[in-house]
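Have a look at these structures, which come just after this line.
Two complexes come next, and they have one chain in common, chain A, joined by chain B in the first and chain C in the second.
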Partner chain A sequence: MSGTFLGMPSLPVFGIGNLHEHEPFPKAAHRELGNTQLRANLGHATRTIRDKRLAVVSELPDWEELREAGRAIKESVMARLPELLEQFEANFTARGGIIHWARDAGEANRIVAALIRDQGADEVVKVKSMATQEIGLNEYLEEQGIAAFETDLAELIVQLDHDKPSHILVPAIHKNRSQVRDIFLREMEGVDPELTDEPARLAAAARAHLRRKFLSAKVAVSGANFALADSGTLAVVESEGNGRMCLTLPETLITVMGVEKLLPAWEDLEVFMQLLPRSSTGERMNPYTSLWTGVTPDDGPQNVHLVLLDNGRSAALADEMGRSALHCIRCSACMNVCPVYERTGGHAYGSTYPGPIGAILSPLLTGITAEENSSLPYASSLCGACYDACPVKINIPDILVHLRGEDVDSKRGKKRLPSQMDLGMKAASWALSSGKNLGLVEKALPLGRLAAGPDRKITKLPGIAGGWTQSRDIPAPPGLSFRQWWDKEHQAPAAPPAATGTGDAGTEENP
Partner chain B sequence: MNARTEILDRIRSALRDAPAVPDVPRDYRRSSALGEEELIELLTDRLLDYKANVFVEEAATVPQRLAALLESTGRYAVPHGLDQALFAEADAHDAGSRRVTDAPGHRLSVEELDGVDAVVTGSAVAVAETGTIILDAGPDQGRRVISLVPDRHICIVRAGEITAILPEALRRLDATRPQTWISGPSATSDIELERVEGVHGPRTLDVVIVRG
Partner chain C sequence: MRIALFATCIVDAMYPATARATVSILERLGHEVIFPAGQACCGQMHVNSGYFKEALPVVANHVRAFEEDEYDVAVAPSGSCVASVKHQHAMIARRCGDAGLEARAAAVGRKTYELSQLLVDVLGVTDAAAQLGSYFPHRITYHPSCHGMRLLRLGDRQLELLRSVAGIEVAELPEAEQCCGFGGTFSMKNADVSSAMLADKTANICGTGAELCAGGDASCLLHIGGGLSRQGSGVTTMHFAEILASTLEHPAAVTGDVRLTTGRTAQ
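Entry: the complex of A and B
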């Protein structure tokens, strides 16, 4: 973890909190892949959501234009961030809201706990929020003797089961209906023992369980999906009405939001409120969206606070190649289309942010050298499905490759002896730098044929290359390289025209 | 250094390459040309898809429709700015005894709202394409809480409020008013990503669309 600031103002200051992979991704993935129930649940859920998303996206004739507008708006937000933050602050404050700035997770947690204590409260209701998950707010509040009740159905399932979220939109995506019923029967006070696993019955049980909490809560904690700089307005997008309950009923509302969530102007919301619901739940519009601007006398909370969180966002912004990861609107479309996520699930990524966006965002926020986060950029086949699905066109594959480079560079600096990979890359760089060098290397092809033996397969490579042959064989290399074959073919201008024109190397190797 | 100054400094330092501020291409649809009947048809279709109940009425038949919808309910809440004449028919049966009004100086408590069966409100704007009704706490819609706590929301949408697409709707709204965008009854997709209607918000949404 890298929470220490070393003194030079231009050095990036990384984030802390629930942002870390604690073991190398391949190891975590290997373990999760052994869970067949998880794979079945995830396969079912991601297939469902992919189909829904495609159906509602194809309805809009201007989807690509909306994506392009979304991308450009977010890029301009990043370029103008200091100015927009100050504008937002002025507008939000002018309407009675109070803004707090938090350099990192620890500072944000302390601010929120102090605000809750100021109200004399020892419990809060919460709307699902990635930012509070990232900073570990619930755990911190528990240490401080404050109970935080998650009210989103999936968050409630995860909290009751003492589990961790595995998806940013549907944190309990790894649980199927009968597992949810079992959790409710085991953990929910006063639940009907006859509860079935019908989703409607399960939702009704959650309603009954939380109703009293909502109606009596003094303090609520939320995140925010968008903040409009030109009016000082905050927006929360949700489905169940738990958000409306938290944002409307308590006297005190504390919102925690990353500094990158700003939009310049009201009209920008028309772009994002078309992109987000269709990309996330595959609906034309989510059931409820709430907007508030500071305090409205006589309507909703009268103590309205906003904690603006850095926690590594400024460090991500400093990475010119990686900064567009901050454009993310947390829709989760990238994880739903990712072949890696679909099989390993979200827990394998360690961080609050799983899937393709997590594989770039987590190391950007924490620095590539933090714990095992350097393994995350490799959690991808670089197929590009995430880039196609992203509503704000974040080029995730490009950033993955960039971060792999950062990882290699950071490791090279640490070691005295070059690794096998370094040597291999050096050799490849020499061989591929000129045709002459490559020609020399190609002369060694017959050696490969020799190694393959009579069955013409290489089944075990030495050293780190052995990873390749762990689950597949390599066919014997051809006797001639293409260039050798070409030279041979074209050096005999006197060959009779009746010849087939293919040398033996050609017919042998390209059947 | 305080946190605000430090964070803003960090951000400025992160942007020392002075990235260009791009022009935002707004080539997406920003207006449309649907007539009233088409708008009503589209909105109805989308609301039904969300499992809301939809009733299309003439101005003159709204009181009958409301009376019918309220027939089987007990007490219901209304905001003070909603036209009382809409309840003429309902009042003919009970002289308005089931109606409780949320008004400045006479606010309904959360417990009182939890005790009513339904709420009737107007609306500010609607978006046909997405099946969205937007409330902005105007006098005929009331405080945000009154359309939230009762389990049934009967919402009156006048044809003139219906726009085809979201950008048209936003142009009619003031960002700084508290807003609730409603697209169907409360719902969740949290179990196996299957949509189920009816969680914490009103489990029934009745929409009365008024022509003309």
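Entry: the complex of A and C
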């Protein structure tokens, strides 16, 4: 960190790093939708995880109470975050750990690189971690001449393929096993050229490859799922045991964790250890849960560091409607049930955090006006499946709508031509804000019937409405609106049934 | 009971038969239906597109329209619009700093029911054939719309009402709980993703061999029906209210123009 006093940082400090969409979501989605292999892989994988999750969730009679407990604990953490962070720092430090505070991705990267260099190391092994993906640590370390080796099998696949993760839990969800075999044959040093796509053979190849790294690495870098304020303990929840190797074998362990990962007390783990595995992998219990509290003399890493990362979290916390997005425990249940994610995959979201949670978390961390992140809150049909699946009850649809409002408001008053959507919404606001106005508009329904022509459907519309007619017809409107019919039915009988010129055309129709 | 009908803008302008069917069902049960003339729209399109300022007059109009007349409950043949009235109106008033409107909107919301909620929970209708004379000799399938399912927790109310119609055959829709991809302006802003979701929904519908897909929201049915029409599938869509209103004497037709009587004197 800089030694020069630059004054108090101005707030909010927004997040930087791998949190940005670089093109509007619809454009990215259009490209990804064209990849039929991707759609087949994703459809198969998300359906499998969805079914597994449903099975293990439905066997718990108190699932809804657990969700509510998870939500309440997280809400209380957010309400007293400064106090809990200080409590955690005191306990972690008392047990021999060293805390570093990082305002944003740049600071965090510089701190981690300096700590690695202090050990004279030029390579590190890594535990799967979203925080280090978010800050772009691997790319930064590479620039600094330090090689970072991912040890989670799926992260390894993605790294060997020079690709980006597309899912926060199963980062290679977009690859099938024959694609994985091809990547190993192409990129893995000393791999058996006879390698098949049998999962056991692939795992064995990765195991041999990783074992060499574990035994030689002096420094490991991890993230953390939870941090317990009352004891200064960190926790990593994983399936493969490769994380356990990283957390125990090297001399130096550097953890990067977002400040929102805190839990007040050890017993709060009870709730989250039931919620997380069931929501993420669809398992009752994950195979490996590692917990460490500072340094244990002559056992495990002797230099234990923790980088506490803000990177936009304070800004998100300041948003009353959006702050509950920080409750996220990175389980990925929301993306597995999301019909949009299932079809576009994670890359379409640009950010490290894809799917429904990414569509709210990324713009909350970066600010809605950053790059193309303003397109993310619209990447949802608001079907609500994510909210139902979320183990800590983040109301993602409501926050999406809130952020859409922020986006629209941020564009008001700017010097620019109103968009078609702006104009349409303005006109619709007039038409739909009184029964009389809507009645006037309905007088034009016969025009719609005329436009529909003899086949009684409209197949092409101009402008943004053309998005509708690219795959859907619109039926010819009825001759009489309900309102007109009702008025006719209920008008005073005094008026003689004068010929209206249209007869009763359309009165009984529902095109 | 005196029941205020909220037709919803899309039913009013595009699917009047759905509102007429709703009137017919309620009148057959012996209730009086009124239509507050000031009503227009719930404002959900504006809200869900982020245009809160433009939504405010629409919300205010709805609240005003449903305060003017005396009635016991309000009903709309739409899960989505009722969810908006119940869950969004007060929020919009609050965001726009109108505490008075917020309280009034909440009061209107409490009196508003989705049609199947009203029929099953309030009016005790569980057997459409026996209680409404519903008759519909067709093979149908059913799509539960997202907002009714997840915001109102309608469960299987609509489906069970449909199953109790005489002559009907209900085919189970695979992946029924998946969104059809409509999502209001989502269908235009993210037309490609929306179309991909729709393609899977229509393929599932066509795979059931049903003549039509029933549902409880005209907007989703407009979307699904628009896709089925574009694909030349010959399968159509229909609101469950029209199926409940269909009788042996005045059956609702499935193909082409659906002709339907309302239970009032035929003209």
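Note that the second predicted complex is superposed on the first by the 478 of 511 C-alpha atoms of A that agree within 3 Å, B and C clash if a C-alpha of one lies under 4 Å from a C-alpha of the other, contacts with A are read in each partner's own complex, and residues count from 1 in each chain.
Everything below uses one rule, namely that a residue touches a chain if its C-beta (ideal position, glycine included) is under 8 Å from a C-beta of that chain, and two chains touch if they have at least 3 such contacts.
As the structure is a computational prediction, the values presented were derived from the model and not from experiment.
Contact with neither chain B nor chain C is seen for A:88 once the two complexes are overlaid on the shared chain.
By the touch criterion defined above, A:41 lies against chain B but remains apart from chain C after alignment on the C-alpha atoms of chain A. Of the two partner chains placed by superposition, A:272 touches none, neither chain B nor chain C. Number of chain A residues touched is higher for B, counting chain B against chain C.
Using the contact criterion defined above for the overlaid structures, shared-chain residue A:300 touches chain B, although it does not reach chain C. In the superposition on chain A, A:426 makes contact with chain C only, not with chain B.
Once chain A of one complex is fitted onto chain A of the other, the partner contacts of A:226 are absent, as it touches neither chain B nor chain C.
By the touch criterion defined above, A:207 lies against chain B but remains apart from chain C after alignment on the C-alpha atoms of chain A.
Within chain A, not a single residue is touched by chain B in the first complex and by chain C in the second. Remark: chain C residues 7, 9, 11-20, 35-41, 43, 45-55, 57-58, 60-61, 65, 95, 146-147, 149-151, 177-179, 181-199, 222-223, 225-227, 229-230, 242, 257-261, 264, 267 touch chain A in the complex.
Against chain C, the residues of chain A that register as touching in their complex are 25-26, 29-30, 33, 339-340, 343-344, 377-385, 387-388, 401, 403-409, 412, 421, 425-426, 428-429, 431-438, 441-442, 445, 457, 459, 464-465, 467-468, 470-475, 477-478, 480-483, 485-486, 489-490, 504, 507-511.
For chain A in complex with chain B, the touching residues are 9-10, 12-13, 41, 44-45, 48-49, 52, 61-62, 65-66, 68-69, 72-73, 75-76, 78-82, 85-86, 95, 100-103, 107, 151-154, 157, 170, 172-173, 175-177, 180, 199-200, 202-204, 206-207, 210-211, 214-215, 228, 230-233, 239-242, 244-245, 247-249, 259, 266-271, 273-274, 277, 281, 283-293, 296, 298-300, 308, 310, 314-315, 317-318, 320, 323.
Taken in their complex, chain B has these residues touching chain A: 2-4, 6-17, 19-30, 46, 49-50, 104, 107, 110-111, 114, 127, 129-132, 137, 143-145, 148-149, 166-167, 170-171, 175-202.
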